[in-house]
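Shared between the two complexes below is chain A, which has chain B as its partner in the first and chain C in the second.
After this line comes the complex of A and B, so read on.
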């Protein structure tokens, strides 16, 4: 039994009565949620057959071909395309700048728990550890739980239209995500090297620099690059709320029913996303 | 990825990458008109502070509550059904986009398809990949615009948009999981004379299922945020209400709606973490 831990939930939950009920309870609640949500979201596949739905699709697809490829249009779109990349880079940079300090404070093994704090007094742990820890966790949660385009909307109101609110929106929302993941990476490092350094008499800074950072760095870099890949997609979308970049152009062309332009813009977006994925993938391959 | 497959860079590579990123950063700083001194010094900060002060207190009247709650429920419904639709779209496509299920690897060692059959299978694989790429490339907000154009306003186009875009993402992720399963159980099944279909059902899928559930839950967390955005193009939910509140300068209602978004996103994140711990 101990040698073959079963992957089947039913076996795992045989331990107690309430756990045995879980699969049934889960299925019932899930089914109820789905039925309720189908009604709430007004799911109705019949609309495809009604009226002009299919005719509209045909119009849309016909309108996309041939894509608009004249030099003037492509030249006009180069600016927004470059801006999209720049927003993603700058947004990620701000996200890192926010995520590192908040993530460090939100790491319990750095602020109040574990080998680094064995000799700290109780009050010291509370005042200098638990309070900043809880506060930074709360800030990170607010940053990441409010979606980036809501941030963008508010920053547009606060600092005006253009790429800058997009940069700030990605910076804040992704800063919240990076900070949380950084703290998880730091908490999950193996404690043994830290204890060895501690036992050898290393200072707190020494333990962090030589024990913690080398273990965490590859994961930190890989996750940050992954977030950059997400940021290029997000920065294209933020244009829809007036924060510059390709999204704004896609929205304009869509509203003007210029579907040939939409197709070209989507192709540009695809090329941008694919190149960022490629670069980031290569670097991740090196560090991992 | 196998380590050997990646070209190891020389000693200068980290330095080059660092310099490259620094240049990229400087170029982007310039291009996006980032004005951090302006933001933190005097005028900009005052502007932000004025706006934040205007948001408080949130409007907690019965009408605003009901509106926010209705929006939150609608957003939740869009995200849940959209994610389910995405699984339904992504799963069959991922089977097509998996080389080891179509034309190479252990399933095809004993019974090799003829050259014609193989060409058909390779073409199927390429088609599956192409469809997934198309679904994934088009952002959900653009899908939403397309579906609003097709079937009219309301939450349903939002559901379809999430289903299509996320279907493409999940199909790609599922395909990677399917290609990475441990081949030992498949070999054992093959040695007993099991058919390809039996190997898929009893060897491949049981290994892939926990990862599938985990990825689907992760995309649900992404989708609750995206579902709220759908409203900006007329596809219901909290986004539509936020859009209206911002356009009409109803800052107190906006704050209530932001609290509602925060609550529903936190709830889905917690639910997803709980289910991942119990099911995977």
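After this line comes the complex of A and C, so read on.
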């Protein structure tokens, strides 16, 4: 039963007082931050004009044209390109496998809070609810707060060079993000159908299958596809630390000053990202 | 069926929704609950369907004190209580057949429930239930494509599939077109009469309650004000029930003067918020 407490006059007066001051205060603080950051981050466009900076840029750009398009090179690069897609697919698959169970546990409306648990015994709510909830939240936040680049660096040490550390890095870092977002999507579904099923004697699994999943699925699919797009880009970056794919080739060509190869590789990467974007857009339109 | 002894419900924020209610409802009885908005009727129904736990007092269902039930026992008891809510308690994205078959969830294993989402189990049973509520052709429709009245019929079909001993209907018609309200109330009454189910209905419209139920319970400020046969519910009693609730008082006046027709009184009143 929702109740709508009316705002008391005293509250309203105080609110409008602080509201009037807020924009000025905010602008002042923001300006101070910008000034401070410009100095500390050493933002200085003049360095472009110093010494041979512009010359280096020109050399880099001139080296890119014409891009290397001979059949032999393109054939050689087909492997890494496919490998990049494979890393992103496998990484996303692992991320989903980690994200779904952790995300479900990290959803407070499923584990301990709200009307579904009104009548669950107190110890049951703590042991099966609050503890797994807090633990999975902690795990998810560790997973996603360490950048995938750092994860890749650690996994290269652990399992050696190649695509596998890249897969693991994307799986763990993105698993943390997917789990967090899944739990947010699940907490924002309408609780009414859940309460109805629960009141009719449905088990926890029944409530999830018939109330939660159908409501959340479109958003879950859309966000997972978006993460897959990000995984393609990330798998290119991960190559820089030796985790395979196109990124490793870009890094090699850069080091050899073969900028014509770099341009070709960037074009391939662009094509990959664009096609993943296109495919996921179609699927999202279809499930909505 | 139900025995309530001094039931009280205080929410976590300190609001007292149900002050002190004692009540006995026999098996197969039809009872209507009326009273102003905020009287605690919806909370009472959520206590009756074992969603909420009373702060104080004893709730006895079929001779069993429900506070003594284990989690599993609670679930089994819930399958015997069917609830129909005001609105929006179906999953719009699912097809009608799945929303109806969800009535089986109290009996199905998790594997059966999952398999039925891929390939619906008892399609014939769902079809029969929909035929009983008058919309057999909507079996495969997407639920959010139905009108409010049709969705309420789907909710009733789900309760039929659940086949409980008691049906709780919490304001089942305040969100549907007034002209359909009478037909939905009579449908619920007749269906529970045929299958000898107990029917408790929360109604915002006094004339619907008086016209279709042999026992009327008036609830005001979380207490039972009266519990009588409809012919005993006179203007004084109603005036006392709704005292201080201007919109409802106005509605009563217009009812008495014959200015409002039977169906129009079912419409949610202007000051009525959920």
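Note that the second predicted complex is superposed on the first by the 268 of 288 C-alpha atoms of A that agree within 3 Å, B and C clash if a C-alpha of one lies under 4 Å from a C-alpha of the other, contacts with A are read in each partner's own complex, and residues count from 1 in each chain.
Just so we're on the same page, a contact is a pair of C-beta atoms (placed from the backbone, for glycine too) under 8 Å apart; a residue touches a chain by one contact, two chains touch by 3 or more.
As the structure is a prediction and not an experimental result, all values here were calculated from the model.
Superposition of the two structures on chain A shows chain C fitting alongside chain B with no clash.
Legend: residue contacts after superposition of the two complexes on their common chain; A:210 is shown touching chain C, with no touch to chain B. In the superposed pair of complexes, A:22 makes contact with chain B only, with no contact to chain C.
Contacts of A:49 after superposition: neither chain B nor chain C is touched.
Between chain B and chain C, B touches the greater number of residues of chain A. Using the contact criterion defined above for the overlaid structures, shared-chain residue A:202 touches chain C, although it does not reach chain B. In the superposition on chain A, A:71 makes contact with neither chain B nor chain C. For the overlaid pair of complexes, the smallest distance between C-alpha atoms of chain B and those of chain C rounds to 11 Å.
Here chain A touches chain C in the complex through residues 1-4, 115, 118-121, 124, 190, 192-193, 195-203, 205-207, 209-211, 214-215, 217-218, going by the rule given at the top. Interface of chain A with chain B (complex): residues 7, 9, 22, 26, 33-34, 36-38, 40-44, 47-48, 53, 56-57, 60, 82-83, 85-87, 89-90, 93, 141-142, 145-147, 149-150, 153-154, 157-159, 162-164, 166-168, 233, 236-237, 240-241, 244, 247, 250-251, 254, 262, 266, 269-270, 273, 282-283, 285-286. Within the complex formed with chain A, the residues of chain B that make contact are 1, 6, 8-9, 13, 17, 24-25, 27-29, 31-35, 39, 44, 47-48, 51, 73-74, 76-78, 80-81, 84, 133, 137-139, 141-142, 145-146, 149-152, 154-156, 158-159, 206, 210, 225-226, 228-229, 232-233, 236, 242, 246, 258, 261-262, 265-266, 269, 275, 278-279. Looking at the complex, you find that chain C touches chain A at residues 15, 17, 38, 40, 42-43, 46, 49-53, 71, 74-83, 85, 88-91, 93-94, 98, 102-103, 105-108, 110, 113-114, 117, 158-159, 162, 164, 273-274.
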